[in-house]
Structures are given as structure tokens and as C-alpha cells.
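In what follows, structures are represented as C-alpha cells.
One chain, chain A, appears in both complexes that follow, with chain B as partner in the first and chain C in the second.
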Partner chain A sequence: MNWLYEFPFEIPMDLKAIDASVRAFSVEYDGFFSVIRGGLVNLVSFFNNVLDMIPWAVFILLVFLAGWRVSRKISKGLLFAVLLLFIGAVGFWSLMNETLAIILASVLISLLIGFPIGIFISTGDRANNIMRPILDTMQTMPVFVYLIPAMLFFGLGKAPAVIATTIYAIVPMIRLTNLGIRQIDGEIVEASKAFGSTKLQSLIKVQIPQALPTIMTGVNQTLMMAISMVVTTSMIGATGLGMEVLIAVNRVEIGRGLVSGTSVVIIAVVLDRLTQGLVKRSEVKTDG
Partner chain B sequence: MDNNKVKIIEKREQEKKDIDNRETLLEVRNLSKLYGNEKKEAIKLKESGLTKDEVYAETKTTIALWDVCLEVKNKEIFVIIGLSGSGKSTLVRCFNMLNKPTSGSIFYDGKDISKYNNKELMDYRRNKISMVFQSFGLMSHRNVLGNVEYGLEVKGVNKQERYKKAMEMISMVGLDGVEMEPISNLSGGMKQRVGIARALANDPEVLLMDEPFSALDPLVRKDMQFELLNIQRQLDKTIIFITHDINEAFKLGDRVAIMKDGEVIQVDTPERMTSNPKTEYVKRFIDSADKTQVISVKNVMITPNSIVRLRDNPKIAIKTMRESEVSSAYVISQKTKFEGVITLDDALRAQKEGLELSDILIRDILTTSPDALLTDIIADATESKFPLAVVDEENNLKGIVSKVHVLSSMQ
Partner chain C sequence: MVFCLKRIIGIILIASMLAITVVGCSGDSGTATTKEVNFADAGWDSNKLHNAIAGLVAEELWDYEIKETPGSSTVLHEGLLKGEVDVHMEVWTDNLATYSEDLAAGKLQELGTNFDDNNQGVYVPRYVIEGDAERGIVASAPDLKSIQDLKNYPDVFKDEENAGMGRMYGAIPGWQVDEILYKKFMYLGMEENFIYFRPGSDAALSTAITSAYEKGEPIAAYYWEPTWLLGLYDMVLLEDEPFDQETYLEGKTAMPSVDVTVGVSNEFGDAEENKEFIDFLSNYETSSALTSEGLGYMQESGSDYKETAKWFLNEHPELLDAWLTPEDAEAMKTALNQ
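So, the complex of A and B:
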């Protein structure tokens, strides 16, 4: 009866060979990966430089105004400003900029790639059926598993961090763009066709504007996913607030961990509320 | 009835007479549309005599349209009626190729539109045919003007011209002043007016209307039906109108096609369909209709028993009324012109006092046209003290129609 409880056979897997081939692949195409790495590093430092250039007071003022505008409440704007003031006060301002730069770069790439893919898979069921398991895999695969190849191909630092973050954060953008376009009332799409719109006209003039609230939710979700990767990617050398948290955990410095962790939460809350406001505004525009 | 309404009804009656002589604008020939994976097998089974449901049970393939043949004449209102699932919405979407037929052809102006390439189809949709939808199909991210302009915009019409044309259409459907409103601010009836304005802005030859008034409440619906006839009178378009309401079909349609299980059973004018239903199904369908919407006054009016001339003296009038055993008489002059009504009591009084008939004539008698539909005169007929006088445009007395006639024809 032993075979009932012990698996009777085992397929021999040469895991070493997989390691070796991945490594060989990274060496073989090193030139290609260096170019991408260079591009990503430049993109991140561009964002970082821009953020560093903005005086802290101006930045807080902008967030205050933006919060006020999207929520239509002055108290919300004030709350966001005070929260950011806290990050500055605990001395994490430039770390925050570093983290924000990685987040922004990842989100930008996610939108640029995810939006067209989402639209593409909304047009056909076959593309959608092929894409769905891939998206599921991207979302459920433990993040650490693709941190390793990202590190192998792109070395340590911000470039692999952006890649890993993008793989994780792009999924809601694709999904919600697809969903948004599929959800549009069939008669509206029929109407656009019936009036002789080309596919592109129908997409730009009708489908995308109609799907905008859902697409904006996708942007918001992508942003949130990117923020949730901050600490994880610090393990492959992405500096910033995440690194602070990681160091605090490694050294069991509870105070440091609490303050840096709170800072990450503050960034998440402020960015979430601001983009949620955008979602609401796009809803107002389409529904009423 | 107000004058305008009478005119419209008269014109429509005129049109109905020559409907058979119109030239054909759209011709559907052996059109079939199937949904499913086993189309060939389904066609074979259907040809062997199975019903739509049996074919579906066998092959999981739906026969939405089967061997539909019909002609739509130029400038007519062609109504397609059937219960849900009868294929009427599928059929109407074939006219602009939103649905591609499985087999068969549709000819527009002699050309098979199912063989159009992309560009030809686009031109056809942009210039020849447009559509009004059941749940309006309006784009909520655009305001009223933006929606009405849509068809012109995709066609590449410049901004000023677009604006001018759109405003003209908005005013035509009676929406002046709301052009900048967002769609969500409008009532159902107004939304569908926007839908109609949008469809007309392209100046199409053919207007497809897929149950356009089904989502509206009955009163608004009646208004919109009248409005549609009004628009048809002004613009003279060919309209293909889908409905599941036989009253609406008979009210609007020059000709009506009845569909069942994807097949067209009968195509005819409402009158001929009523008098000569092709199958039991058609008959049952028609029986559910309110006949007053189909039957016109001339079908139920009678010749009055007692007619007197205005220059006759009261004595003759009394004699005429006594002979036909009635207590009132219709008075005419110059052989046929209708003047009014006199009562027996008044005539007796006139004889006693030596008055003329013109002194006792009751002139404010309600009149109606022979071509008016019964539904439109019910109120007048039931309220009037005397039967309504039926007169033509020259005020010639054609007959009378009483409350009893109207009400008995309603069963």
C-alpha cells in the first residue's frame, strides 16, 4: 500500500541545466540587456532628477492643490500636505523621490505596454483566451521567482527593479482596459459602426472614452501594485524607502522600520486618493 | 382633431394607395443567417422539413433568418413585426451589414451590399443608411450636439457645416435649447429624439429603426409615432421599422411583414393583411390588434336616413323625418354641401311659428374625414350629441358615423 502514500515515480529534472542555460542566455545577449538596462536607468534617474529639482515646499503645495481639486474638499488637500510634511520631517524626502522615480518609471512602462495589449485582447476572444493564463501566471507567480532572472539579466539596482515591478503591475492595466472596452453597451458600438466609423475612429471616438472610468481604475491599480513592490525590489538593490524598511527588518530596528514603513503607506494613500479622484472625474464625464 | 393631423392622415392615405406602384429600393433575396458551428448540417436538416427548434436541438445551431425574401419600396414605411426571437432585429441589422448573412443577398439600388468591400460598405453606411436603436445607443461622453454630429464627424464634414446640420436636425425633432445638455439629463423620449436626429443628420436614404419606441412609456410613445410620421412627411425617407406591437405596426406601416421563427410569413398593407390573413398565425396576430387603428371612417360610415335640403320648408323636413322614423335630419345645400343638423322638435316649432330651416339649423356639428382612423375619432364620436358628419375636403357630405358604429367595430 506504500504507493498510495508515496509518489511511485519521479521525472528527473536537471535544474542545474536550467540555471546554466539562463546564465548562458544572459551572457550571450549581454549587449541587448545592457541597452535596456541603460535605458531604464536613464528613465529612473530622469524622474529622480525632476523630483529632486522641485523644492519640497512647491511639491507639497502641488499635492495640496491636486488633493483639493480632485476631492473638492480643502480638508483632503490639507491632510495630504501634512502627510507629506511628515515624510520630509523624518528625513526621508530624497529617499521618497528615489522610490517615486522607480514607481513612476514602472507605471509609465506598464501603461505604454499594457494599454495597447488590453485593447488588442478586447477585440478578439482568441487573443483574450491566450492572454488570460499568462496574466494569471504573472500575478500569482511568487515575486521572488522573477527577481532572480531579472537580476541575472539586468544586474543589481534600479533597472531590474523596474522590470520586476512592471511585470507585476502591468496586469491590472491590461485586464481593466480589456474589461472596460468589453463592457461598453453593445448598441453604442453598433451605432458607431452603423454610422460608418472606421475601426480606429470607433476605438478613439467611442470605445476608449466610454471605457475611460474602468481604464482609470486600471491605472490606479497598476500604481498600487507598483507601490506594493517597493520593499521587495529593494532586495535586488533598488535604493529608496524600501531599502530602509529592508535594513530595519534585517537589523531588527523597530523604530526605523515603523517610520520608513509609514512613509511607504503615506505615498500609497496619497497616490491612491489622487488617482481615485481621476477615476471619479472620468465617471462624471461619461455618466452625468 | 387639429387640422395638421388631418392633413397628415390624408396624405398617408393617398400614399398607401400607390404603394404597389413604387419602385423597389431594397430587395432581400433568399437571406439566411445562422449562428453556431454546424451550419451545413443545420441547413440540411431545415431543408428536410425540421422546425427551427428541432434543428437547434439536433445541432446547437440557431437559424436566426431563413430564406427571407422581400422588397422595400422607395419612401415607404416598411414595418417588420414579430415576437422576440423571430429574427426581426437580426434582419434589420443585415440591411447595414452589422450582421453578415450566411447566405443570400440584399440589393440596394441594384447592387448587392453583401458583396461590398470595406470602403464601399463604409460609404454606404455613411451616406445611404442610418439606424435608430431600441436603447438609444447614445454616447454618454458626448452631449446632445456631439451625438448628433457623430455621423458627420466620421464622414469628415467640417466643423461649421457639421454644427449647422446638427442644429437643424435637433430643431427638427423639437429639442431646441438642449443641444449642450449631457445625455444623462434627458428623459427617454428626448433621448430617442436625439437618436433620430443623429440618424437623420447624415441625410440617409434609408432609416433603420430597431424597436425605437419600445423603451418609452405609452403616452410618449404615441407622441413619437406621430412625430415620426411628421418627419417622414417632411423628409420623405424610406423607413424600415421594427416592432413587436401590432398596433404600432398598423399605425405606421405602409406595408407590414410578419415574421415567425426567422421566416417572413406575409408582407402586405395593413388593410389587406386584416382582410386576408395568409395563415392562422397572422390571423391570431391581427386579432390581438386594436382594429380602430386600422379601420378608417369610410369603412364604417353609413348614409343618413334623412337628408333635407336647406331651401326645403319645415313641412317637407318633418315628413322626411317621420318617414324614416328619426328625430333629426342632416341638411345639405347645392346638392351635396353639408350645412348642419335639424331636429324634429325644432322643425315642428318652425312650422308653427313660420320660420325657415336656416333659422333652426344647428351648425356646430363635429365633422370628420372619410380617411380618418377610428382611433382618432373615438373621443369626438362618443361625446357628440349627433352622429359625426363625414365630409371630404370640399365639405361634401359623404355619410355619418355614430358612437355605436365606432364602438361596435372595436371588438
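So, the complex of A and C:
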């Protein structure tokens, strides 16, 4: 009766062969991977240089104005400005720029790739059924399982950081774009067809504007997921606020961890409110 | 009738949930009387191997139940102080910032040295200095001998993210040796044309070295022995100024061999029932060479830690004689041969 509680057989798996083949793959296609790596590093450096060029006072002013515009309340704008001032006051300004550069690069790639994929799978059920398990895997596979091969192919630092963040953050974009377009009232699409629009015209002029609030929620969620990966990417050599948190955790320096963690939270809160404000303003008025 | 059926199903569900809860709870209390020892598992191979060896002896001779708690070295050290972890077979005393104060304050017990002939420092692959005819690699830095020479080669150890600079991989952020290595980096004036790159985690560091070695590219990285990585890849330790107690903390000289000790929590060490195990642990002593031997056997034969521990003790019965009383040593040898 022992076989009821202990598995009676084991499939013999040659895991070493998998290791050897992944390593051989990384050596053979080194040229190809170096090109991608160079591209990603340049993208992140571009964002970092732009952010570093903006003087801190101008940056805080821009955030104040954006907060005010988006929420119609001057108090919100002031709040965001004060929170960002805190980050600068504890000496983390340039670290924040490094982290923001990686986040922005990942979000940009997620939007550029995720938006078309989301539209594509909203058109048919078959595409949807194929994508769903892929999306589920991308969100739940433990990060280091695909990060170690990514490090073998792309090295350490900014390139695998952007890849890891994109894999995690692209999923809400795809899902919510898909959802947004599927949720449109069928009658509106019918009406647009009745007035003689082609499929593409209907997509661009009717469906996407109707789905915009959901799609903007997707952008917002993508941003949040990207920020949540900040500390994980520091474990593969990405510098910035995540590395600060990691060092603090490794040395059991609780105070330092709290300060750097709070800075990450502040960035998340400010970006969340700003993009949510955009969600509200993108809602198409349906009454009159 | 439907109402009755729903009720019956509801009652059956609740009853079975209660039954499962009761069964589940009673399963634990059965093991309350056996002796347990909780080993710290810092994640690296030599630690797991020593846990397996000591655990094998504890199991065979004194009927202990073995548990392992994984964690990073700092977290496990805190666990040892609190008594949540019982035994740590590899306390790398120099890598824990608060170790000497904790020991002086009596927060843990040190049971002697496990091994103290290890190396740590900056390694480069042998093919960078000597070339490798088999793989078609030309030596890119044939005159590189010491870490002082390293700053002359930023173009060999290129940093891909910062054009024109070289890259040196440092230690895991948070280890004391990371601070020392960074001070050494600044002391040698390397920040002019090198970047001190913090790999973030042990996995990242070994992946970087593995990747570079497989591709035949140059890499300069911190690492330590005994490890599976240095057992597998042929790397050369860059020389440094001879070790000096006063100044090595500022990075001016080579790193000393770390005194890797066996530590136990006060709770475990003071308990009367653990006395024989504590005596065994106090006598437990190996060496870097022995540990590497065990790790090399493991890598080549593909055995797990327990099998390797058995093989190790069979290969070296003299260790059992040194660690145990004559009767216990005989009992252990008999148990191994079964």
C-alpha cells in the first residue's frame, strides 16, 4: 500500500544535457545576443541621460504641474512635489533616475509589443486560447528560472533587467487591451459598419477610443508591475534604488532598507496617480 | 427534497473538513519526542556537504532527525543567535560584520574550526594569461600577475555598458569582503578606468563567470574556494601584497584565509541531550582540499549530498577516528558498510 503515498516510479531526466545545450546555444549565438544587448543598454542609457540632464527643480516643477493638471487639484500637485523632494533630500536622486530609466525602457517596450498583441488576440478566440497559457506562464514562472539563461545570453546588468521586467510587465497590457476591445458594445461596432467604415477604420476610430479607459488601466498596471520588479533586477546587477534595498537587506540595516523602500513606494504612488488621472480623462463621454 | 439534499451535502463537507483538520494536526505531535537538529543551509555546495556529513553521523549514531533551513549568511547568523537555527557548519567569520562582538557577548558558541586554508580574491581565467591552444584562445594579458597590474588592462576586461572602461566583478553586496574589496579598488586607483560591478547575488556572479568562461572571454571577478565553480573551471588568483593584520581591512593587502568555524546556538549547545553531538562537532575539522575533493566527486559522479557524504566518510575513516570516541567511530564505520 506504500505506493499510494509515495510515487512508485520516476521519469529519468537528463538535466545535465539541458544545461549543456543551453550553454552551447549561448556560445553559438553570441553575436545575435550581443546586438540585442547593445540595443537595450543604449535605450536605458538614453533615458538615464535625459533624466540626468533635467535639473531636479525643473523635474519637481514638471511633476507638480502634471499632478495639478491631471487631478484638477493644486493640493495633489503639491503632494507629489513634496514626496519627490524627500527622495532628493535623502540623497537618492541619481539612483532614482537610474531606476526610472530601466522602468521607462521596459514599459516602452511592453507598450510597443503588448498593444499590437492585445489587439491581435481580441480578434479571434483561437489566438486567445493560445496566448492565455503563455501569459499565465510569463507571470507565474519563478523569475530566476528564466533569468539565469537570460544572464547567460545577455550578461549582467541593464539588459537582462529590462528583459525580466518586460516579460513580467507586458502581460497586463496584453490582457487589458484584449479585454477592453472585447467589452465594447456590439451595437456601436455594428453602427460604425452600417455607416460604411472598413475594419481598420472601425478599429482605429471607434473601437480603440471606446476601449481607451481599459487600455489606459493596462498601461497603469504595466507600470506598477515594472516597479515591483525593481529589487529582483538588482539581484542580477542592475544599479539604482533596488541595489540599495538589496544591500540594506543583506547587511540587516533595517533603517536603510526602509528609506530606500519608501523611495520606491513614492515613485510607484506618483506614477500610479499620474497615469490613473490619464485614465479618467480618457473616458469617452457617452451622455450627450 | 432539494433542500434536504443541499443540507446533507453541506453537513458532509463540514464533517470531512473537520476530520481532515484533526488528522492533519495529530500527524505532527507524533514526532515531538525525537531529537531534532536544524542545520543552517547558506546555499553553497560545501555548506550542504558538511551538513550532510555531520547529519549522517548524527542520524546513525544518535538518532537525530535532520532538518535544514536555507537562507543567506546574515539571515542565518541572526537565526543562530535567536536559536531558530541550531548548527551552522560553515561560519565564514570574516563575512559577518557583527561576528566578533556576538561571540564576545556570548550570544552563540563557537565549537572550533572547520577549515581555515581557503582562498578568496580576484580571479581571472587561466586562458587570459596563458592562452589555450585547444580552444584557439590567444592570451590577451600574458603579463598579468597581480591585482596591482589589473588596472593596466581596461580594454581586455571591457565593460559593455560603459565604453572605454574595464569591469571588475565585486563580491556579493552585504558581505564584509565587498566593503574591503571596494576599498582595495579605490586604494589601487582603479576607479579611473574600471567599474566596480556589484553582481547582486551569488547566482548572478557564478552565471557571469560561467558565461564568460564558456565563451572564452576575459573576466576579472571576485570568488572564493572551495566551490564547485573553481573546482570546475581553471582560474588563477591574482597576487596581492602579503597579508597584514592591521591594514587588510582597508584593502591594502591580500585577504587572509577566513577562519571558517562551526557555530551552535546557545539553546542547542546547553541542552544536556545534545552533549555527544556537541563533542563530535567540537572535534569536527576538515580542510579546503578535503572539501574540494568531496565537491569534485559530487560533480563528476552526479551523486546527491547524502551519497557523497557516505563516500567521503568511507574514503577517510581516519577522520571518524579523529572526531569520535573509538566505540562510536567503530559503530559508524559498521553502519556505513551496511
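As a convention for this text, the second predicted complex is superposed on the first by the 283 of 288 C-alpha atoms of A that agree within 3 Å, B and C clash if a C-alpha of one lies under 4 Å from a C-alpha of the other, contacts with A are read in each partner's own complex, and residues count from 1 in each chain.
One rule holds for everything that comes next: a residue touches a chain if its C-beta (ideal position, glycine included) is under 8 Å from a C-beta of that chain, and two chains touch if they have at least 3 such contacts.
Predicted model only: the values in this text are computed from it and were never measured.
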{"item": "Simultaneous placement of chain C and chain B on chain A, clash or fit", "value": "fit"}
{"item": "Contacts of A:V249 with chain B and chain C, given as first, second, both or neither", "value": "second"}
{"item": "First, second, both or neither for A:P55, with chain B first and chain C second", "value": "neither"}
{"item": "Contacts of A:P142 with chain B and chain C, given as first, second, both or neither", "value": "neither"}
{"item": "Chain B versus chain C as contact partner of A:P12, first or second or both or neither", "value": "neither"}
{"item": "Touching partner for A:R37 - first (chain B), second (chain C), both, neither", "value": "second"}
{"item": "Chain B versus chain C as contact partner of A:L152, first or second or both or neither", "value": "second"}
{"item": "Chain B versus chain C as contact partner of A:P133, first or second or both or neither", "value": "neither"}
{"item": "Partner with the higher number of touched chain A residues, chain C or chain B", "value": "C"}
{"item": "Touched partner set for A:A238, first chain B, second chain C, both or neither", "value": "second"}
{"item": "Spatial angle chain C-chain A-chain B, Cα centroids [nearest 10 degrees]", "value": "150"}
{"item": "Which superposed partner A:Q210 touches (first chain B, second chain C, both, neither)", "value": "first"}
{"item": "Overlay on shared chain A, then closest C-alpha pair between chain B and chain C (Å)", "value": "26"}
{"item": "Doubly contacted residues of chain A, that is, touched by chain B and again by chain C", "value": "none"}
{"item": "Chain A contact footprint on chain C (complex, rising order)", "value": "72, 74-75, 78, 97, 160-161, 172-175, 197-201, 203-204, 207-208, 210-211, 214-215, 302"}
{"item": "Touching residues on chain B, where the partner in the complex is chain A", "value": "93, 96, 98, 122-127, 129-131, 133-141, 150-151, 153-155, 182, 184-185, 198, 202, 208"}
{"item": "Chain C contact footprint on chain A (complex, rising order)", "value": "16, 23, 26-27, 30, 37-38, 41, 45, 144, 148, 151-152, 155-158, 234-239, 243, 246-247, 249-252"}
{"item": "Residue ranges of chain A touching chain B (in the complex, touch as defined)", "value": "185, 187-188, 190-198, 201, 205-206, 209-210, 212, 285-288"}
